[in-house]
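All chains are identified by letter, namely A, B, C and D, in their written order; residue positions are counted from 1 within each chain.
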Amino acid sequence: MLMFAFQQTSAVADHVPLLPYLLIVLGLVAALLTLPLLLGRKTKNAVKSASYECGVAPKGSARQRFSVHFYLVAVLFILFDIEAVFLFPWALNIQGLGLAGFVEAVVFVAVLGLGLGYAWRKGVLDWQ
Amino acid sequence: MEENLLELIILIPFASVVVQYFLHRVLPARLAGLIACGAVLVPFLLTVVVGRGIGAAAPQVPAVTATIASWLTGGGLEVAFGLRLDPLSCAWTLVVTGIGFLIHVYSLGYMHHDPGFKRFFIYMNLFIGSMLALVLGDSLPLLFLGWEGVGLCSYLLIGFWFEDMNNARAGQKAFVVNRIGDLGFLLAMLMIFQTFGTLDIAAVTNGLSAGHAQGTFALGDARITLIALLLFVGACGKSAQLPLFVWLPDAMAGPTPVSALIHAATMVTAGIYMVARFSVFFALAPVASAVVAIVGALTAFVSATIALRQRDIKKVLAYSTCSQLGYMFLGLGVGAYGAAVFHVVTHAFFKALLFLGAGSVIHALSHEQNAMKMGGLKPHLPRTHWTFFVGCFALAGIFPFAGFFSKDKILGEALLGHGWLFPLVGVLGLITALMTAFYTFRLYRLVFTGPERLDAHAKKHLHESPATMTVPLVILALLSIGGGALSLPAFAHFDILGDYLRPIFAPALAVAGEAAHHAVNVEVALMLVSLAVVIGGAWWAWNRFARGPGDQLPLPQGGLPFLLENKWFVDEIYAIFVVGPMRGTALLAGFFDRYVIDGIVNGLARLCDLCGAVVRLLQNGAVHTYALLFIAGAVYLVCSLL
Amino acid sequence: MITVVDYYVVASILFAIGALGFLLRKNVLVMFMSVELMLNSANLVLVASAKSFDLARGSAFALVSVAVAAAEVGVGLAIIIALFRLKATVDAEEITNLRG
Amino acid sequence: MFQDIALAGPILLPALAALLLLGVELLAGGRRSQGSFLLCALGALVALIYTGYFLANGRTGLAFNGTLNVDNTALLIALIVHFSALLAVLLSRSYLAARRDADAPEYYSLVMAAASGMAMLAAANDLVNVFLGVELMSIPLYVLAAIRRKSARSVEAGLKYLLLGAFASAFLLFGMGLLYGASGSTLLSALPAEIARLETNGGLAAFGVVMFLIGVFFKVAAVPFHMWTPDVYEGSPTPVTAFMATATKAAAFGLLLRFTPVIATGMGPEAGSSMLAVIAVLTMFVGNLGALRQQNLKRLLAYSSIAHAGYMLVGVAAIVAEDGGEIALTGSSAIVFYLGTYAAMNLGAFGVAVVLDRGEGREGVNELKGLCSERPLLAAVMAVFTLALAGVPPTAGFLGKLYVFSCAVQARMYALAVVAVLASVVGLFYYLRLILLMYFTPREEGAEPRLLRTDSFLAVASFVCAVLVLWLGVLPAWFVDFVEATVRG
């Protein structure tokens, strides 16, 4: 009966396999949060409550300045990251697109590479 | 052969402009002036040569045509840089180049000491070239090109002596007022193209005649009437007719030869040329013709009243020009096309003469223009004096000077016309003739006779002008005396100009019906009446200003008692019946000129400025304001969909 | 039942929020973010339409527009930094030297 | 494949030049301004000749699965774009040489990139390509506006352009999404038929058309989406302003011409043309009124360029009113003619502005004072440009206006034609003022004689423009025939 209903609204039926996955994820999260509470040793000091290893200090003036390099690298990262998106469809259809597609992809990467080289030459990547 | 000569007529002035502009550092001033004069004389001679060949009256309008180059094509539009010399354009070309040449020669003397001597001649040649393009162009775009070109030159020459922005107002006023007229012309051009599918002038007028014959365009067709009215709006701007005449008196700020050439003899008659060119349209549109006649008569009358009391010698002549142009339009309006063209020619003779004479006086008195500060110049400036005197007779229209014949032809056609309108405008014209005679001789008396009222500075430099200036005066004086012979009254059977122009106006007269031939004694009687009126006016002014300005020296207030003291019977009648209303009219006209017309022109300018200020206020530099307007526009556009 | 029209409505609301944000916020960076929101609402329209027609072209278009928007962000941040270096402000209302 | 690439040459060649310029900078380093100038001018020249060759030989067609339609109109627009790019580059040399705060290689590379985007916009037959073209045109222009990064005015101009440009892009993209939703197609040429087929989505299509048009209106600087124009034109380096004013306008109008069938089907010819007419009237008047009392020459020319966009919109309105038919051809050729002549006269006027600037940022109209006596030839050339902008015969400006306005008459939009003529009368005031300043106003008492140096490249550019403006005004037949014949195909 239930299966029949699911067949009718196939959109919902498609998501049924996600249900156990969801349950497992929720259970795992709950477990990870509760087990340390039960099992772990509790010490409280400044180092312990600070962010782990890296990142920006959680407290402090919001007006703190960052090096412009930080933004430059971030912007470059975003750009190259997003351009990489275009390589995925190509990779999925690499058979069908054949040599012409390959050449186009090479040109695409070459242009990106030129941009990267330019940035490099201009000293954006030197972290000083 | 003739085609090539025709092309040369128009190319020579432009070539001369180019040569003078680029060699202005190298050329000595004297040589530049001579080149400029030659560039006008040669076209004149060429026109005589080419124009002789087209005299024969054939059923087809005789003409020489030439195509310099293909010009505009596209959108169904085929216009070539074509020239067409037919009797009408030949008449104009001869006037433009002939009078133009004399004025160029005169300017050699007049502008002798001016630092802008070379610049002046460049502009003058440019003007001649543009005017020839206007007259010789065989298509509306070319006519318009010349139309704008002469406007530009006029503007440049009015502003010739102006050093800073404020003083250039006169030039700007001329330009703006002319633009209003141009708007009418442009619209007429668009409508003509839409109606006839061509912009070739001959094709358009032939098309209209043919269309009328086939019954496509009835008499009084609304579209044709509208086109005719729009054309007339354009003509009003260029030819200084009510209510667009305000720019012409202001234009007197330019050098006097400019006033003579552009603002008396040639450019201002461009409107007449256009109406004459499209006479078929006006013949088919009685309403438009009536408007032309009424506007012409009113302009003639109003400007003459204003001229009665002007003190500036050039202003008198300027208003007189408006008034005479009004006569010409009156003639066109009542269907006396040939007479109107005749008056253009004679007017060019004597008005150029008067302006140049005035220029000679002004030159002699070190740029004094106030007639109240002249007087008694007759012995000092003998040649200027007698030529000016001839000009006065011609302007006043006294037999047998040129002005008499042309003015009388127009008045005759008007007074003897049918209906109530023609005689009415005719009577208005007759009154104007009286005033014309009056102010003309008033001016003569104030300047040349009576006690000397010169100030010391002017007196020290008093001298007769050099030969370069007086020789053109003499030639023009001879033309003003004998010019009437071009077209004698009908009963004399001697009408060179009329015969020459007949094929041009035949279609229009065929539509409107040829004017009836009047009995000889009627015509003669009419002539005698108008002659009596004119001589009366002249005689009265002659006596009244025998001893200088008299009561006119102080400002106009309180002039009436003095007039009453005058024992003359005619004077008293005049005072009661004419002067009072006239003074009122003159005052009113002055008021109208100063406050209404100026007000509208200035008001429009101020309105534009105000709107501009609002636009600039919104442009406050803040991105948010910009975005807000952006969104407002977007919302408006989206909402307009609903 | 969610139809394609509902997506259009949501997208329009997002677009309006973005436009309002652009109008109301003074910080240039936040204004820029608002524009990104508007661009993404347009992407939503594209993707929803692509889904409704069962054509991939709209989705590909959205992908392209995201990439282009990234480039715009790069340039935008650079110009904002240049401005900040000159005038030490990112307040749009203080940048009104050019006017009239 | 190679056929496609050959057809896309007008787009790819400037892009290649842009990459080469970057590559040279990458390998050689340092500021080789002279070399990059020559390379860039060469690139623009090659692109110009290539486009001209294709145009002359009728090498047209669809490329890349129909997403690019390299037809004659596209080639003509590309020709205008590359002409503008070449002349703007020629103006740039002396402008940049006098200033130390802009990097030449990047500058030239960006000009070429923008030209590539503009050419793409002219040929784009697919919404994706339209968007790419718009952004490839705009993003380099944002940077170019702000390229003098030590100058507060330049950076302010860049920022304003960027913020408002991105804002407008969002409208454009949203409109594209809606059009796609209303038709299921991104091919511009297929849009009208598809929209008509899915008539139930009529409202959606109309909404989409309006949003799309808002984006385009921003690019052509139509009121009320024009507010960025005066500020950005004033703040940007002068050659960039010249490039923006001419090439951007050409490319955006190319797009608009290709888009007219979509407007007519999406909104209906009636509503579409009346909307365009309203925008056109507003644009003409605001542009002309705003320019009236301007003291800054670049700002004055900015307002003037707004007004010119309005004149051209009159033609677009006429085309939309008579959806299809003869007027689509005459109107298109009239607008292309206008764009070509406008490019010549405006680039020329900006060239004179560069001379007057003397590398010291002197942009006031008062710099024109007494130019006639100091440099008569320069004054004459400037007078030609000014009269052409004002639309006074016998310059090309008059003919352009005549053609465009007569389109409105042909479409029976008489009121629009009359208003357009009136607006151009208002415009006369400020153009006339420039002539007055040059010819009738001497410089102040005791003013030092100026050293007005004319770089030889700049002189060539101005001279070419002046000759073109006069030639096309006096003997335009060949050009009009050419444009009309090619637009007809």
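The definition used in the following text is that a contact is a pair of C-beta atoms (placed from the backbone, for glycine too) under 8 Å apart; a residue touches a chain by one contact, two chains touch by 3 or more.
Small disclaimer: the values here were computed from a predicted structure and weren't measured.
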| field | Pair joined by more contacting C-beta pairs (A-D or A-C) | value | A-C
| Most central chain, Cα average position | D
| When the C-alpha atoms of chain A and chain D are each averaged to a single point, how far apart are the two points in Å? | 42
| In whole angstrom, what separates the CA-based centres of chain A and chain C? | 21
| query | Hey, how far is the Cα centre of chain B from the one of chain C, in Å? | reply | 64
| message | Averaging over Cα atoms per chain, report the distance between chain B and chain D in Å. | response | 43
| said: Please output the residue numbers of chain A that touch at least 2 other chains, ranges allowed. | reply: none
| query | In chain C, which residues are in touch with two or more of the other chains? | reply | 19, 22, 31, 60, 71, 78, 92, 95, 97-100
| Considering chain B alone, which of its residues make contact with at least two other chains? | 616, 619, 621, 623, 627
| Which of the chains are touching one another, listed as pairs? | A-C, A-D, B-C, B-D, C-D
| note | The chain B residues in contact with chain D across the complex are 21, 24, 69-77, 81, 141, 144-145, 148-149, 152, 156, 159, 162-165, 168, 172, 175, 179, 183, 186-187, 190, 193-194, 605, 608-609, 611-616, 618-619, 621, 623, 625-627, 629-630, 632-634, 637-638, 640-641
| Along chain C, where are the residues that touch chain D in the complex? | 4, 8, 11, 15, 18-19, 22, 28, 31-32, 35, 38-39, 41-46, 48-50, 52-53, 55, 57-58, 60-61, 64-65, 68, 71-72, 75-76, 78-80, 82-83, 86-87, 92, 95, 97-100
| field | Complex contact set, residues of chain D against chain B | value | 160, 163-164, 167-168, 171, 203, 206-207, 210-211, 213-214, 217-218, 223-225, 227-228, 230-231, 267, 271, 275, 285-286, 289-293, 330, 333-334, 376, 380, 392-394, 399, 402-403, 405-407, 409-410, 417-418, 421-422, 425-426, 428-429, 432, 436, 439-442, 474-477, 480-481, 483-484
| query | What part of chain B is in contact with chain C in the complex they form? | reply | 616, 619-624, 627-628, 631
| remark: chain A partner, complex, touching residues on chain C are 60, 63, 66-67, 70-71, 73-74, 77-78, 81
